[in-house]
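Per-chain numbering from 1; labels A, B, C, D and E assigned in written order.
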Amino acid sequence: MLEVSNLACSRGDHLLFSGLSLTLQSGQIMQVQGENGKGKTSLLRTLCGFILPDEGRITWYGDDVRDLSEEYFASLLYLGHHNAIKDELSALENLQISAGLAGITLDERQAVSALRRLGLKGRERLPTKVLSQGQRRRVALARLLVGNAKLWVLDEPLTALDVGAVALIQELIGEHLGKHGMVIFTTHQPLVIGDIEISRLSLL
Amino acid sequence: MNQLSVVHLLVLVVRRDLLLAMRRRADVLTILVFFILVVSLFPLGVGPEMGMLRKMAPGVLWVAALLASMLSLGRLFSADYLDGTLEQMMLTPQSLSVLVLGKMIAHWLVSGLPLVLMAPVLGLQFDMPAQGLLVLMIGLLIGTPILSMLGAIGAALTLGLRGGGVLLSLLVLPLCIPVLIFGTGAVEAVASGLSAVSNLSLIAALLMLCLVFTPWVAAQALRISME
Amino acid sequence: MAINWFKYSAPSTFYGLAGRLVPWFAVPAAVLFVIGLYIGFFVAPKDAVQGEAYRIIFIHVPASILSMFLYLVMAGYAALGLIFNTRLSSMMATALAPTGALFAFISLWTGALWGKPMWGAWWVWDARLTSELILLFLYFGFIALHASIDDPRRADRAAALLAIVGSVNVPIIYFSVKWWNTLHQGSTIKFSGTSMHVAMQQSMFTLLLACWLYAVAVTLVRVRSIILERERNTLWVSELKEVGL
Amino acid sequence: MNQLSVVHLLVLVVRRDLLLAMRRRADVLTILVFFILVVSLFPLGVGPEMGMLRKMAPGVLWVAALLASMLSLGRLFSADYLDGTLEQMMLTPQSLSVLVLGKMIAHWLVSGLPLVLMAPVLGLQFDMPAQGLLVLMIGLLIGTPILSMLGAIGAALTLGLRGGGVLLSLLVLPLCIPVLIFGTGAVEAVASGLSAVSNLSLIAALLMLCLVFTPWVAAQALRISME
Amino acid sequence: MLEVSNLACSRGDHLLFSGLSLTLQSGQIMQVQGENGKGKTSLLRTLCGFILPDEGRITWYGDDVRDLSEEYFASLLYLGHHNAIKDELSALENLQISAGLAGITLDERQAVSALRRLGLKGRERLPTKVLSQGQRRRVALARLLVGNAKLWVLDEPLTALDVGAVALIQELIGEHLGKHGMVIFTTHQPLVIGDIEISRLSLL
């Protein structure tokens, strides 16, 4: 269970939000909403510990995430504006390395099948730098399939994706929630997960 | 918990970085060629007197090694920072210090070791005696890892800053000066018939010290830079 | 009487305190400068070996000593800021750096001026001189790193780490005269039995004290403006009368 | 047509790049400090004998200037390339050669000129005679623009390549060797009582040549790199 | 009038499209459609001359764009995946410089009002690096307001924009078409321009 209480965050002289609290239980999904520049990205990065909040506490099953650190990271999967893939490596190598670092051993067959599911058939062994914008995003999203993280933090996962890929991501999120995962995300595009209710947090 | 053992993690990180280096093989070669070029520029600038060149040789070789590894340091973390993979590394449930140590080792293998192997050949061009060459090589062998490690701290601190490359040199070069002094001191010692052991063991001591502290310091620097 | 130190470690209270303290350092600094220079140039006798040129020592030595001392103080403040996350200590470190760099520069400059008549060269590459030069670079490194990071919190922490790592160098400078035999003179100021004329010593100590007072005063002034800049959006700053809206 | 006159365009580009340089003032300073550092490293490596240092001085200063401007060249186009502004510049209805010339000028103002002004101070540290210093400064004054211009070609060619920095040095340093040789030759000439004019005028001739050809060549290189 | 005839383009050993022809008249708008990696970006970059086509001709009012070059560029505005703004400069400076290079003099008042129209009020003088993803995109889009280019080539202009900004961009495109401009664009998000008909080109 992720609990955030009384969080405040400012960038430069600009107070983005304050007194923000939220709770996310197993199987729940939450969308952070707000216009451009309202602080959605900042909120998600604060949850991952990249930004020190000015005030407030973030706890994971009761413990402050600052103290847990590695334990918390083991149950966290963050997908940011960047794809976090190496241009020179193939999609396959990228996926295997990032799984390896997360402590998961992934044989080639598994990795290839994850990439195929994301529509990268025939592109698995090309260096990712030659892929298109959307294909690169798909490589990054393949991490959703191989990890065993409980909490997904997704910052605009749908950018650059075509309609088919959007449907696939919605399906993946649905599966994850079905397995008692939690998801917190932002997007400016419409996103529907079957008939699961998405709780919304608006930054004004 | 998905925590890996230290050795396993080191192997993973070193292999990753070596794989990347293999994909851009040209880079490794260019560091080496840069080294050769800088060393060869000096006789051009200074003039061809052999006696003077022989005396300059250890200094020039060491300074060139310093500059070459400084240059390649710029990319130690910044490539990973720009494409977001560093961010992801920091989110893995692994020890950041070990991860950083792995990157330091890989950096040395790619940019330090080739210099060490190349140095004797260049030394010959300056007419250095065999014993001097040996000491030079040993000095570089234990000295260049220090450059990689101290450099890693600088690279971490200047992460994502514009003009990082030059700023990095400014921060790191002063810290590397003791290595330079002991390294050239060792060669000069043998040249004047003394023993090089004391100088070399000072470098070795520095290496130990760095091995213990720098991974942790660089990891802290990374955390600060990522905030 | 117990002083509440934490009260003064808040920038808002320290701002006022620093403002009141400045004259208490600045005025004695000026007075001691005058006295020290007077003793140095009119009372102290001509040196047997070096003639009049030796009088540079009265500026050279205090500047050299302070350049090293201030680095350690700066690193200490930076470390405090890094460990306890106290904003004021980091601001103090930032405020100290330019003064330290100035003293390092003065040391180099006066040394060079002195070197010409003494050694026949503006500069020799001896261990102490070189290490003093490195100290100047360490200051520059600190200032440049701090300046290139926009987020003040990150800048403080990054520069602090650098300052701590760099402080390893200070003992090297200090002991360089002992470890390598060099052209530069070894320590003459010893705790027991010195070879110096009394007036020379008086002048040197007076000027050392003056420089120290000056450093404190300037640092306080600078830290005040840093506080103002960093806290420009807070209520208390906007209520200050010198910050006319 | 929205085409600007050559002068107007030059002013626009130079102003833009100087504005950017002002925003990252630390960079300009660090190039200078890097220069000073490299120069200061040599005596540390080579030892403090004044006679030898005096002889080395022009060579060391020139090599350091070469390296310093090489380092800063890395960012000449690459910063603009990475954020897409270079792409947009190529889509403007202006002459790309003039645009490139503007960037060269700005680069020299920011990274070459400070070196020229600093060099005499460093020369003093090596106990160079006044006349030598003057010739050194003149040499650098007309020589460093050549480095910026040749460097621009290299920077354009290595655009977007990993390890560009080192590759760049590899391409450009050999081209700069004539400047280095004439520059140090001039100082040595006055030192041995001859006239420096012939060496200096050779550099001046090179400068003219570069001024005419390099903007166009660099523009072509840019076009190739962007394709 | 932009005319493309029999264009073929390949990347690596991969043929993206061939035999592609299209015509774009004043006042017309065309959407290039296709799944991720089908070559939309490659097509638009070919139109701008960044990619040499394997075959085919691109003409602007009858003349090959290769020969026109600067004349063609004067009537072209390209917005790519990159925002093409300098991080250190403010939105205002960025806009003024890019207008200047395009040969348009723009005084501060005009620039500010363009930025305000794009919802950047109060952010005009901040260095753009502190802006959010969407705000940065808006700075890039401000160029649409100040230029006098006839042909707009927009590669996924809507990424990172919130709903309000999307509506604004649609409005701007509408105005441009009303002034006899031409637009060719790609997007994976729905985009409607009043009741103007969008011709579509699908890459398969």
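Simple rule for what comes next: a residue touches a chain if its C-beta (ideal position, glycine included) is under 8 Å from a C-beta of that chain, and two chains touch if they have at least 3 such contacts.
Note that the coordinates shown come from a computational prediction; the quantities given were computed from them, not determined experimentally.
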Q. Moving only between chains that touch, what is the shortest number of steps from chain B to chain E?
A. 2
Q: Find the two chains joined by the most C-beta pairs in contact, please.
A: B-D
Q: Tell me, please, which chain's centre (mean of its C-alpha atoms) is farthest from the centre of chain B?
A: E
Q: For chain A and chain B, let me know how many angstrom lie between their CA-based centres, rounded off.
A: 36
Q.
Counting only Cα atoms for the centres, state how far chain C is from chain E in Å.
A. 56
Q) chain B to chain C: how many Å between their CA centres? A) 33
Q) Of all the residues in chain A, which ones touch at least 2 other chains? A) 52, 81, 88
Q) Can you list the residues of chain C that touch 2 or more other chains? A) 130, 137, 140, 144, 148, 153
Q: Could you tell me which residues belong to chain D and also touch two or more other chains?
A: 24, 26-27, 30, 33, 37, 44, 47, 162
**Q.** Interface residues, chain D side, partner chain C - complex
**A.** 24-27, 29-30, 33, 36-37, 40, 43-44, 47-48, 50, 53, 124-127
Q) For the complex, which residues does chain C have touching chain D? A) 112, 121-126, 130, 133, 137, 140, 144, 147-148
Q: Give every residue of chain B touching chain C within the complex, in rising order.
A: 153, 157-158, 161-163, 167, 170-171, 173-175, 177-178, 217, 220-221, 224-225, 227
(Q) Per the contact definition, I'd like the list of chain B residues that touch chain A in the complex. (A) 1-4, 12-13, 16, 19-20, 23-24, 83-85, 87-95, 226-227
Q: Please give the residue numbers of chain D that touch chain B in the complex, ascending.
A: 24, 26-27, 30-31, 33-34, 37-38, 41-42, 44-47, 52, 55-56, 58-60, 62-63, 66-67, 71-72, 74-75, 79, 161-163, 165-167, 169-170, 173-174, 177, 180-181, 184, 188
